[in-house]
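Letters A, B, C and D mark the chains in the order given here, with residues in each chain numbered from 1 onward.
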Amino acid sequence: MQVHQHKRIAVVNGGGDCPGLNAVIRAVVKTAILRYGWEVWGSEDSFDGLIKPGKLIPMTLETVRGILPRGGTILGTTNRGNPFRYPERNERGEIVFQDYSERVIQKVKEMNLDAMVLIGGDGTLTIGQRFCERGLPIVGVPKTIDQDLLATETTFGFDTALKTVTESLDMIHTTAESHERVMVIEVMGRNAGWIALEAGIAGGADIILIPEIPFRVEKLVEKIEARRVAGRPFSIVVVSEGATPVGGSQIYREKGIEDPFGKLGGIGAIVAGMLGSRVQLETRVVVLGHLQRGGSPTAFDRLLGTRFGVAAVDLIAKNQFGRMVALDDQKITSVTIAEAIARQRLVNPQGEIVQAARAIGICFGD
Amino acid sequence: MQVHQHKRIAVVNGGGDCPGLNAVIRAVVKTAILRYGWEVWGSEDSFDGLIKPGKLIPMTLETVRGILPRGGTILGTTNRGNPFRYPERNERGEIVFQDYSERVIQKVKEMNLDAMVLIGGDGTLTIGQRFCERGLPIVGVPKTIDQDLLATETTFGFDTALKTVTESLDMIHTTAESHERVMVIEVMGRNAGWIALEAGIAGGADIILIPEIPFRVEKLVEKIEARRVAGRPFSIVVVSEGATPVGGSQIYREKGIEDPFGKLGGIGAIVAGMLGSRVQLETRVVVLGHLQRGGSPTAFDRLLGTRFGVAAVDLIAKNQFGRMVALDDQKITSVTIAEAIARQRLVNPQGEIVQAARAIGICFGD
Amino acid sequence: MQVHQHKRIAVVNGGGDCPGLNAVIRAVVKTAILRYGWEVWGSEDSFDGLIKPGKLIPMTLETVRGILPRGGTILGTTNRGNPFRYPERNERGEIVFQDYSERVIQKVKEMNLDAMVLIGGDGTLTIGQRFCERGLPIVGVPKTIDQDLLATETTFGFDTALKTVTESLDMIHTTAESHERVMVIEVMGRNAGWIALEAGIAGGADIILIPEIPFRVEKLVEKIEARRVAGRPFSIVVVSEGATPVGGSQIYREKGIEDPFGKLGGIGAIVAGMLGSRVQLETRVVVLGHLQRGGSPTAFDRLLGTRFGVAAVDLIAKNQFGRMVALDDQKITSVTIAEAIARQRLVNPQGEIVQAARAIGICFGD
Amino acid sequence: MQVHQHKRIAVVNGGGDCPGLNAVIRAVVKTAILRYGWEVWGSEDSFDGLIKPGKLIPMTLETVRGILPRGGTILGTTNRGNPFRYPERNERGEIVFQDYSERVIQKVKEMNLDAMVLIGGDGTLTIGQRFCERGLPIVGVPKTIDQDLLATETTFGFDTALKTVTESLDMIHTTAESHERVMVIEVMGRNAGWIALEAGIAGGADIILIPEIPFRVEKLVEKIEARRVAGRPFSIVVVSEGATPVGGSQIYREKGIEDPFGKLGGIGAIVAGMLGSRVQLETRVVVLGHLQRGGSPTAFDRLLGTRFGVAAVDLIAKNQFGRMVALDDQKITSVTIAEAIARQRLVNPQGEIVQAARAIGICFGD
């Protein structure tokens, strides 16, 4: 083995959880120890390990044993632990926000950490970029089940979410077919329609609604009724959580629906409500919610997580800080974190996948 | 092979769909043809095959090939096709209800049907009993994912529903643990808490709410907070759709909540709303809905469905009409349909399973 | 809570591993601590915790967290650790057998253990019975994926094995159908044909070979050829590892096959070899092997394991030693360990399940 | 819709079956009918539809309903139906090979087929190329679970095979850990180690043996013993069916093993035999075999199959014959069939994925 300078590194994961996180953590720990002979520390609950006492723990080969097939993350994670705006209760029980960024920087010095592997989506990586700018030696690993980072072809977690949604669609198909129903399934994705688009095709949806293609409810009614008349008295509608009708929230106001997402639930319920009396079939809604973040990661996500973890440690070995590992044309590469957080990967409404979906008769409501 | 009088029989399935239905249909068809040399007809969409033209179809070995692992039912089913109160639109487009029971009886005569296998839950079997009383030769097969028929130890479909809920709980666990959340999962079961109870234990729930044990929200808050203080800042709450707080709907009125299930969604959303500000953790709801009726049946449900189907045909061979096949102490037996529809199987709040759940620390909110 | 005498108990698991073991261990620990306020120790690698230093570990609520969905056992287990005949290498590297039973008894005294929960199949329970006779306060929990203990209706692990085999048959079906093949699948079960019988029915097998019904290869050829001629040019044969042809090993000798299981592999390979040139289809063998002992336990196995674990601790609280928990007519009960190990649960060749299989056309080779 | 010339096309699938085939067939039929208004025929059992009477069937939207989640292929397939060398029994019952290629060409003319979509691996595509050279208008769709065609980044079927192997490794892990065993799992892949490599990493294998990296058994023994001494008395070895020791078959002869694959089974059994007495642990073999070709396709394989099917029909619309659809940098493209069959995609022993595996401690036996 080549002789490497001894290093002491930390691994931090922020944001929502994501199947494959444990694969990354395991690969970081194993590579640092086995390939480089370094020392690894894990920060529990996002940055808390660098903010609060007792939450930065030593990571060994033993710590990461058996975690590869497990969902979640052994380090815990949270959306709320932004060190630049950390929520705490004051003596009157009110939430106030503190800037603990300096604490993080001090902790890194105090612990003599040579580098930090930061696993997160755009929110966490933006925090990482701010720390980079203040001199912390960080390498990033992209994490989002929504596949919405343009800088990387895909990320771990997305494939597992696809699996969960597709298997759910398989289950719903049997019940939709046996009865005469329109089933509306709301899935994750934020501003990007990837989960809805790909799982919708894979799960045999009839209608797919995504943020990138605003829909008209009349088109949905047309499709559903055409199917009914043709002897298919059921339809499966997959709705991305960020989908909106043409005209957006304006349309709700005209219809006298105020604060629709607050009172009526998500867009799934809205769509079901809109279809309501217009189709001659019962409509039911299924909101998959956090199921999509759970479960054992797929083979692809475990493999990609492992490759990302190894690559992140290799970047540290080469002192390439401020960069994020990425996948490009199936190969591992890296980009600057600054670049990575700048642009979103959205579905191209004229792209080949949408066209393929249209070719087999899927309606996008436009 | 013993010589049997040649018969012509029909198979009818009513009510919601249920994993294992295809196993029953396949076993009825195979047994009638291979063991007895009879002829089998299938009624599409519940009783529609006996009410409308063109919906009574011949069943052959070919018809039932490959259907064993599939959810749903190849015959289609519906909750709305009660022949005694059949909904139809009149010339003004209004729904009116017709009594088509005589049509069914005429169709059975006209087709020279010697017997009918009727697969259904208490609703469908009650219809079956009325036809029995008017002379139709019927044998019943119990079908309910809720396991709420006292006359049979269990039914096919329940085990598959358990599987779906338990696997969903596994997925939700990883996300609840990684974040700091109370996850409320609403499951099926009507008036019976079986799915919530058994999947709740199998899926590692912290709190289980069932119709048989009215709950107090204070007890839930106590349990969740005790866990949080003990370093377990997350809880999994499984709620049966029929669960109610002590005092029932009265409690909603006092709190100024009107028509709670209409506006706010099911009991899952109600419980989440009640917990809301009282616990220091975010609360999220997952409603599994029709996922629980879908999917490939488990080995147990395929086996039980097969055994029920064979047993139903054997009952016909012995001219034992007005009876329903059942499972008792793991053995196939039969009871009168009249008996079967009379009593519900509910969870015994003092029973061994509830006690076992309490022994390992599960809270029922009482 | 009722006041209970404080106790210190140990949990020991022996024999092959079995999905649901962790559910039992978790329930024992939780019940002892939460319901009774006792102390629990776990013996690693079967009895090794009572034989070797450092392998008896304290069990806490923390120890058993998150283990419910996991296959295997957190304590480890082994078939080779019989304390009455413990294999060790002497100075010349040869294996010699030691009687360490007295060490076990001394360790129990020394540690002031009030009782031991022993989880095992007939081998382990026989060892347990010998310790009972020498005064150790033991309660047993039955463990066998083969479902071959007459004293209990079923055991945890069996349902998970059924699931694994049935899902494998589903996979093999698609490939057998697409090609023109006889697929022979060898499954576990020792002297009992339960896994082959029940998974065979659930997985749509055409032929099922079990130890309880000796087969004639001519019957298999007949069935396979009849299917081929009828336009079904493929067959699925499920073979229990203990199945034998009529005449047993005699038949091998006549055919000039010596020591068949040694050289040629298991009965699956034998059956494939026998079919070989006699059918006009290619034959392939799949041996599922240890897959059947692995994987996340099903909802049923987790629930039953939990109920058994709770019941075992309850037996200790009532000082009912020398007994094993069991399931009878879906209820938890107990029998003496002596009784439990005396008799095997075998498939009844004239029983209802075999008859149901025959009714739908499954061939048993007789 | 643009006006297209009316066409009549056929779809043919050859070689072993592969999860995702039905997605391709469904997409071809739907696209041809819905997008172009063409007519589609399906050839049953590879080319048999073009050789034998009654096996070329009309394909409609109805024909392809509900097939998306199913493994296998609704058209049937076979490895043996090469029209240039078609096996048939003569009057003496001997197999003789016929050249039926002219029959195929005549059938295409006679049926007025404008084009053929040919789905197959290198064998089937080589046949396709010969027909192209004789003037048939063919477009190819690559099909191989082994991912061994250089011309396309990946193919449908591979991801499902990965899933099956990875889930099997998860199951085997629990049993290997609980006991003290070396588990050897033999997987598919022909000359390419992709399945072993990627599933091995995803499933947490300790040793991976692939054809591209010849192994020395001493290295395996070293790794297994090092783990045992370090308190990990079990190892998981994933062996690709094409893996060989350094020196290849030579090594068997030296050891006095003749015709090893004939008598002793595949390379899995060979490796287990070689380890046999050299490691102080029991060794067991699992051969996954045809399980790897079965099962419901993953979301990825359904999506890719759909995209390939649509793209193949689009190629026909553009009269681009002699080409095969392919995936390149996640985008659909096409290459000449001649190019496609020329080169194999093999694992690069110095590539990033192998290096990542080494980084986390996986041994390749070299």
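Assorted remarks:
We adopt the following convention: a contact is a pair of C-beta atoms (placed from the backbone, for glycine too) under 8 Å apart; a residue touches a chain by one contact, two chains touch by 3 or more.
This structure is a prediction, so every number in the text was calculated from the model and none was measured.
With contact taken as defined at the outset, there is no chain that touches chain A as well as chain D.
A separation of 35 Å divides the Cα centre of chain A from that of chain B. Remark: chain A and chain C have CA centroids separated by 41 Å (rounded to whole angstrom). Rounded to whole angstrom, the centroid-to-centroid distance between chain B and chain C, based on C-alpha atoms, equals 31 Å.
Annotation for chain C: residues 170, 173, 177 touch two or more other chains. Chain pairs that touch one another, listed by label: A-B, A-D, B-C, C-D.
In the complex of the two chains, the chain B residues touching chain C come out as 26-27, 30-31, 34-35, 66, 68-69, 153, 159, 162-163, 165-166, 170, 173, 177, 198-199, 201-204, 296, 298-300, 302-303, 306-307, 310-311, 313-314, 329-332, 352-353, 355-356, 358-361. Of all residues in chain C, only 16-17, 19, 70-73, 76-79, 164, 167-168, 170-180, 183, 265, 284-291, 293-295 touch chain D in the complex they form.
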